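To keep things clear, I will list the structure first and then write my remarks on it.
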Amino acid sequence: GGGGGTTASQEPTGAASSEAPKSSDLKVGLAFDVGGRGDKSFNDSAYAGLEKAKTELGAEIKELSPSADGSNRGDLLRQLADAGYNPIIGVGFAYAEDVKKAAEEYPDIQFAIVDSASNAPNVTGLLFAEEQGSYLAGVAAATKSKTGHVGFVGGVESDLIKKFEAGFVAGVKSVKADAKIDIKYLTPDGDFSGFKAPDKGKVAAEKMYQDGADIIYHASGDSGLGVFQAAAAAKKKAIGVDSDQRQTVKETDLQSVIMTSMLKRVDVGVFEFIKAFQGGAKGGSNTTYDLKVDGVGLSTTGGEIDDIKDKLDAAKQDIVDGKITVPAKP
Amino acid sequence: MPAGLNRALLTVAGAVVAIVLAIAICSVAINVAGGDPLTALTALFDFGETPRAQANSIATFLNRAVPLFIAGLAVAVGFRMNLFNIGVEGQYRIAAICAAYVGSTFTAPAWIQIPVIIVVAALVGGLYALIPAVMKVTRGVNEVIATIMLNYIAINLAAFLVRGPFAGQRAEGQLTVTTPQLPDSAMFPDLNFLFEGFGMLPPTRGGGLWGFLIVAILLGVVIWVVLERTRFGFNVKASGLNGPAALASGVNPKTMVISAMVLSGAIAGLIGLPEILGDRGAYNSNFTAGLGFLGIAVALLGRNKPVGIAIAALLFAFLDRAQGALQFADIPPSVITIIQGAIVLLVVVANEVTNRFALRLEERRAAQQLGRNTPVEVTA
Amino acid sequence: MSADTLATVKPAVELEGITKRFPGVVANHDIRITVQPGTVHAIVGENGAGKSTLMKILYGMQKPDEGTIRVNGAEVSFRTPSDAIAVGIGMVHQHFMLADNFTVLENIVLGAEPKRAGMLDTVKARRRIVELAETHGLRVDPDKLVEDLGVGDRQRVEILKVLYRGARILILDEPTAVLVPQEVEELFQNLRELKAEGLTVIFISHKLDEVLDIADAITVIRRGTTVASVDPSEVTARQLAELMVGSELPTPETRESTVTDTVTLKVSELTMPGEGERLLLDDVSFEIHQGEILGIAGVEGNGQSELIEAIMGIRPAQGRIELTGQDITTWSTLKRRESGIGYIPEDRHRQGLLLEASLWENRVLGHQTRKPARSGIWIDRRAAKADTERIVRDYDVRTPSVDTLALALSGGNQQKLIVGREMSGEPAFLIAAHPTRGVDVGAQAAIWDHLRNARAAGLAVLLISADLDELIGLSDTIQVIYRGRLVAALDPSDITPERLGGYMTGAIAGTEET
Amino acid sequence: MTRVGKYHVALIGVAALILLMSLVRVLSGQNDITSSGTFAAALLLAVPIGLAGLGGLWAERAGVVNIGLEGMMVLGTWFAGWAGYQWGPVVALVAGLLGGALGGLLHAIATVTFGVDHIISGVAINLLGPGITRFLSEVLFKEGTQAAEAGAGITTSPAISGSTWQVSLPVLSDGPDLLGKLESTHWFLLADLAGILRGLTHNVNVLVVLAVLLLPLTFFVLWHTAFGLRLRSAGENPWAAESLGVNVYLIKYVAVVISGAFAGLGGVFLVFVSTKYVEGQTAGRGFIGLAAMIFGNWRPGGLAIGASLFGYADGLQLRSSTAVTSFFLFGAVLLLAYLILQARRLMTADPAGRGVKQYVLMAAAVAGAIVLFWLWLVVDQLPNEFVFITPHVLTLLVLLVASQRLRMPKADGVVYRRGEQH
């Protein structure tokens, strides 16, 4: 598979490329996960990669959002295929089966799926080592914590979010083996309202702060807003997720509580996949965006973790070198 | 003209006017949003260019209609008796996971395997609906609250089961939690040959038209017969129209509450099966949710009658299908939800207006007969 | 302004050329009535003649298509009842218009609430009500819930509602239909007092004796038009009836007795507990023989409904019920019906009909498990329709077809359908609760005939009726029920309605049957 | 029972409940059972439910069933978010109210003017609410718009500008924070009382105060004013009301619009809590509110109890997954109390009064108490899925146990037309 060895660019999208857009007959289709474009998160990040492909690779792009219940995911893929798009990207692990089916039905088209493994010869799995990034977040939290007590708020208790939890816990323990870690999920798997419940996030975080936690890592979508609010009210810290939330969150009082964010560069994954496709790469394998390729990492906006940069770099190096294997399951 | 036909014509006319109005309202919205209503309208009817795209579109359309239809039936059985089963949502989820799991525990010829799964789903759905029914009958707990609460409980129970006792194998790197894969004999044969019959290119194996459509049609007929032709159906209708009168006529309201609720739940149990037996082959955490709530709209739009529900389900599915097409035309797909809501509202308004009109006609006939004071003629 | 002369008093109400059309029906046609102030003016006419419609027009609930209304000489045009209330008109409706879950006080002040600082001034309202109640002898407790009141009390509340608004013109649409003679007499006493105070009363009733008793003037309406205005001192009830319908007033008379020795229904020691200490049914025992009609007399709310529902198995009660020798105490309603109990319920809309279903479906109701409506698990539609057609023929139900919805039928025709249905099961025992309530004279006679014929064929009937003439005329024996107990067994051949009323209200102590 | 009697019984009930909670807390060591944090969370979670329930109450008291509360609430959240980021919280409040009221108006037009079945109309509004707001977001919050600059996405609005006010009881729960100090002593009963009081009075959003005040206000308006009497009469017997000159249509319109406004206010509250509109943030609270209203027997007091119960259980499970297991102990103690009462009655009552049923019930209670106590001892941590459903299960259990004498307004859900009565 292609793209595996490429170094992911650190720049966010939109950075004007010196390379002039090549005119090509590249038609890239992308199907979002529920929530669709404009969610300021996961989907938007994927879109950023797509847009970059448009400007840098001259691709013609089409992006579709599923219905609110997500029942038409497979249909969207087929529509894109029928309309002549190739490659086609499904954003989110929920696309796994639909991509598999579609890939069987359209063997001449290349597919990619974000957050799930390849399951057909013409499917590329774009995997992210969230647990590695979360490990670094854990290291940062444990090092920065004065009380030796940190917390984790997960939006929905799905295996994806459990990866975040597992990495975070491992990271914290690596620094302080006896650290206390509070863990709370907001809704069960299958009930995605946990990503949209700032009030619940706030209640859960408040409790952790009251009990003495001073840094909370959240992987809970929009519910994270509540975590930040609780942090601001308790004058404590929080760690953001997916994008650099110190930049994406616009409220200044909340920005200052976001010590760092665990970055998940879906944009990089999407862009690199398209680029590799253009270069003739075929699917059937996975590309993992891990610390090695900076597919995941910590943001440094605000400079709050600058003082522990050495420690973080060391941890990162250990992971990249394989000295530490971060568990993906709690 | 016979009163019945008269009425039916009026109803149809009212519905058409309402749908046109709903689309008109949305056109205005689309216009305001900077889109072109005409493009949107074309998108609604755009089933794709290639024969394959068309076949896919038709399959999507019908595949969506099937669970909506079943959901509508489930809700309607309750409504017929003035029982508001808001809990179809939870019932079908629990039923789906149990049926998917039970079906995966054994392998038998399809003609055994599939019926067993269907029966398990109906049983579990019925049992889950029995809870609010018993609560209502024994303790007078309002079924609306009970089923609302049980919906949340069902979501959690299913989440627990699918990652705990009912968890199945999954491929490395796959994050969706799922029940064990059903054996091939459990997969409902698809109906793709139909496309060939119409001279279209059938979708490839794995996609296409779910065979469960046949079950849904059969179910519709059976429910129609049960509701319209049997004693049970009569009792349901009587209890719904006038509880005290039904009681005085010897219908036991408690039995009726329980049986109607259980029947409703049993039908609800089947809602998830088209997807599971036609496509997924398992229950997983991406299971389509919300069909129970849509079923309420479909049932009411179809006036709680199987034929009406079928039409309503097809209409909803037709609109849902266009979500992709609309996005190709750069129109926000949320207009579909607006059209659906507007149609529900306007169709019932139109229905109400025409109903009144028809009633007036009927009463006028009755009054005229009286006025003439002629011996009343009864048609044989 | 009308050119009234100073010499004559202005009429309280003048209706001129009132016409009201409903789809397909002319309910009122060129009606002319003049009501003098300070009088009781009766309006009579058969069912559907248009009396209620006319009154609703006068009360602003319906708009006339043509015609003028003058109140105290001034022409008025009402859009809503509040306009009518404003000029001093009040109406007591044919059916109670009360909110059961409200107190008497709330029911009375609704729409004319005394306020203080934005709040409902209950103190003032209560004072006013008590005052009114005392001056007019309409005693009620303002803080009781209406659902706990009997019919007589409810009627009083209705009248108080009107008086509370300071109405000078009272419309009473069949106020006596649910009252026993004593209560009627009490009501009339009140009306006379009101009249003496200068109030005007418009009074509608089907009981012509009452009309002759109370009215100062009578207007007869037939088919929506005024056909005569008569002086009550110059007509007899019979003449009045002829004016109304052009036929004689039938009386319910039993011919020779058909009572046999075979006991059809035996009820022993039936007891039903109530909410508090009081028993709804207290040790009720009686027998009905083949071919016998047992009438139960009693003021509404003394346990009649409970007795019927206990016999039907709708409400649980202690005691023993036997039907043709079999103990049916523990049977379900369905089984009781199947074994030969017919039931004409007291409230046809509530317990007797599916208004939004066709006539033939209403024929099936209560007979789901029996021929001809049933075949196996199916409803036999064809047979049910055919049998409904038979009922329509035999009982003269006026309807275009058996597929017509029941709600399109007038009350009398609905009642005839129910009677026909209940007879069609060839029951051994029939409960007939108010079988002719709200039914006009013609239909009434037909229903009585059906009951008599069935009795002659051996049917045992439990008859409950507020119409004492009917009760005395039809019954072979009369039992009086008072506070859930059977207090007297009377012979209908030597009892007057007045005396019967005395037993019913507890004024005459009962001769306990042992 | 007289008014005073009822009031006293309620007080005794509350006292007994607090005592019981205190006991369970001490026994189980789960301080969260009565901590100020739990009660603050309970308040936060109960208010939107209560507001939605109030919306339901107003409509249903006037005879219009309102299943569309969820949709109206969604409208409330969107409009509050949209107005809030531009013009601040006060305008957000007004806009959210109006948004909900708009949904109410639609419901009123359909049900009152056109006589549409109330449930259909409500269901349609539940479709329309999310549809319209999503559409509006797609148009007004899309990339390149001013809102997007301010931080909006298609699923969220920008944060509302300016802050909402919070109030505390001076001295007691703020500053010296006497209650807080008392709470941290963990003394039996005293600490519990302090925790509860502090939770309900520390840093409370003004909107919470407003919402809580709306309950007695509703009671006052509906049961003690002329307007309220007319409104309720429209729900009990609109024909009677009409015959007394009450404009039933108008009353119903007003009631249903107010109903929508309250649901919208619930939405505003959610927006204030999260400082912005988030798509899907209502998460079925309209339905829960409806359930709370039915739970409360169509009365503001009962509704408050229903909403509080739900909010409390939800707050507790969010704060502490382990504290939830104390409900086993709670149940066991309750059953024990029931047994003691029954046993005393058995001693005193005459033998004739003892039935088999009573013994069976008592035996069941004994068994139940043992099982619950055993569960409490054995179970440390329930699976999360069972923790999440605490409020729902609790609501069902309370409904099962409480005697069911629900009485909805008699003409609730009946399609009323002027001059027609069947």
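Note that the chains are named A, B, C and D in the order they appear, and that numbering of residues resets to 1 at the start of each chain.
The working rule: a residue touches a chain if its C-beta (ideal position, glycine included) is under 8 Å from a C-beta of that chain, and two chains touch if they have at least 3 such contacts.
Nothing here was measured: the structure is a model prediction, and the numbers come from that model.
A.B. asks: Farthest from subunit D in C-alpha centre terms, which chain would that be?
C.D. replies: In terms of C-alpha centroids, the chain at the greatest distance from subunit D is C.
A.B. asks: Roughly how many whole angstrom separate the Cα centroids of subunit B and subunit D?
C.D. replies: The computed centroid separation for subunit B versus subunit D comes out at 31 Å.
A.B. asks: For subunit A and subunit C, what's the span in angstrom between their mean Cα positions?
C.D. replies: Whole-Å distance between the two chain centres: 75.
A.B. asks: Taking each chain's centre as the mean of its CA atoms, how far is subunit B from subunit C in angstrom?
C.D. replies: Chain centres of subunit B and subunit C, defined by C-alpha means, are spaced 46 Å apart.
A.B. asks: How many angstrom lie between the centres of subunit A and subunit D, each centre taken as the mean Cα position?
C.D. replies: Computed from C-alpha means, the inter-chain centre distance equals 36 Å.
A.B. asks: List, in ascending order, every residue of subunit B touching at least 2 other chains.
C.D. replies: 156, 159-160, 336-337 - these are the residues of subunit B that touch more than one other chain.
A.B. asks: Which residues does subunit C have that touch at least 2 chains other than itself?
C.D. replies: Subunit C, residues with two or more chain partners: 355.
A.B. asks: Can you pull out the residues of subunit A that are in contact with at least two other chains?
C.D. replies: Correct list: 68, 157, 188.
A.B. asks: All pairs of touching chains?
C.D. replies: Every pair of chains in contact is listed here: A-B, A-D, B-C, B-D, C-D.
A.B. asks: What does subunit C use to touch subunit B in their complex?
C.D. replies: Counting only subunit C, the residues touching subunit B are 22-25, 312, 314, 332-338, 343, 345, 350-357, 361, 364-369, 374, 377-379, 381, 389, 392-393, 397-405, 408-410.
A.B. asks: For subunit D, which residues are in contact with subunit C within the complex?
C.D. replies: So the residues of subunit D touching subunit C come out as 224-226, 228-230, 232-233, 236-237, 239-247, 407, 409-410, 419, 421-422.
A.B. asks: Which part of subunit D faces subunit A closely enough to touch in the complex?
C.D. replies: Residue positions touching the partner: 32, 37, 40-41, 44-45, 130, 134, 137-138, 141-143, 150-151, 153-156, 158-159, 270, 273-276, 278-281, 283-284, 315, 318-321, 384-385, 388.
A.B. asks: If you look only at subunit C, which of its residues touch subunit D in the complex?
C.D. replies: Listed in rising order, the residues are 56, 59, 61-62, 80-83, 85, 91, 93, 95, 97-102, 106-107, 109-113, 115, 118-120, 161, 349, 355, 407.
A.B. asks: Which residues of subunit A touch subunit D once you look at their complex with the stated criterion?
C.D. replies: Answer in residue numbers: 35-41, 44, 68, 157, 184-188, 192-193, 196-200, 202-204, 206-207, 210, 222, 225-226, 229, 248-251.
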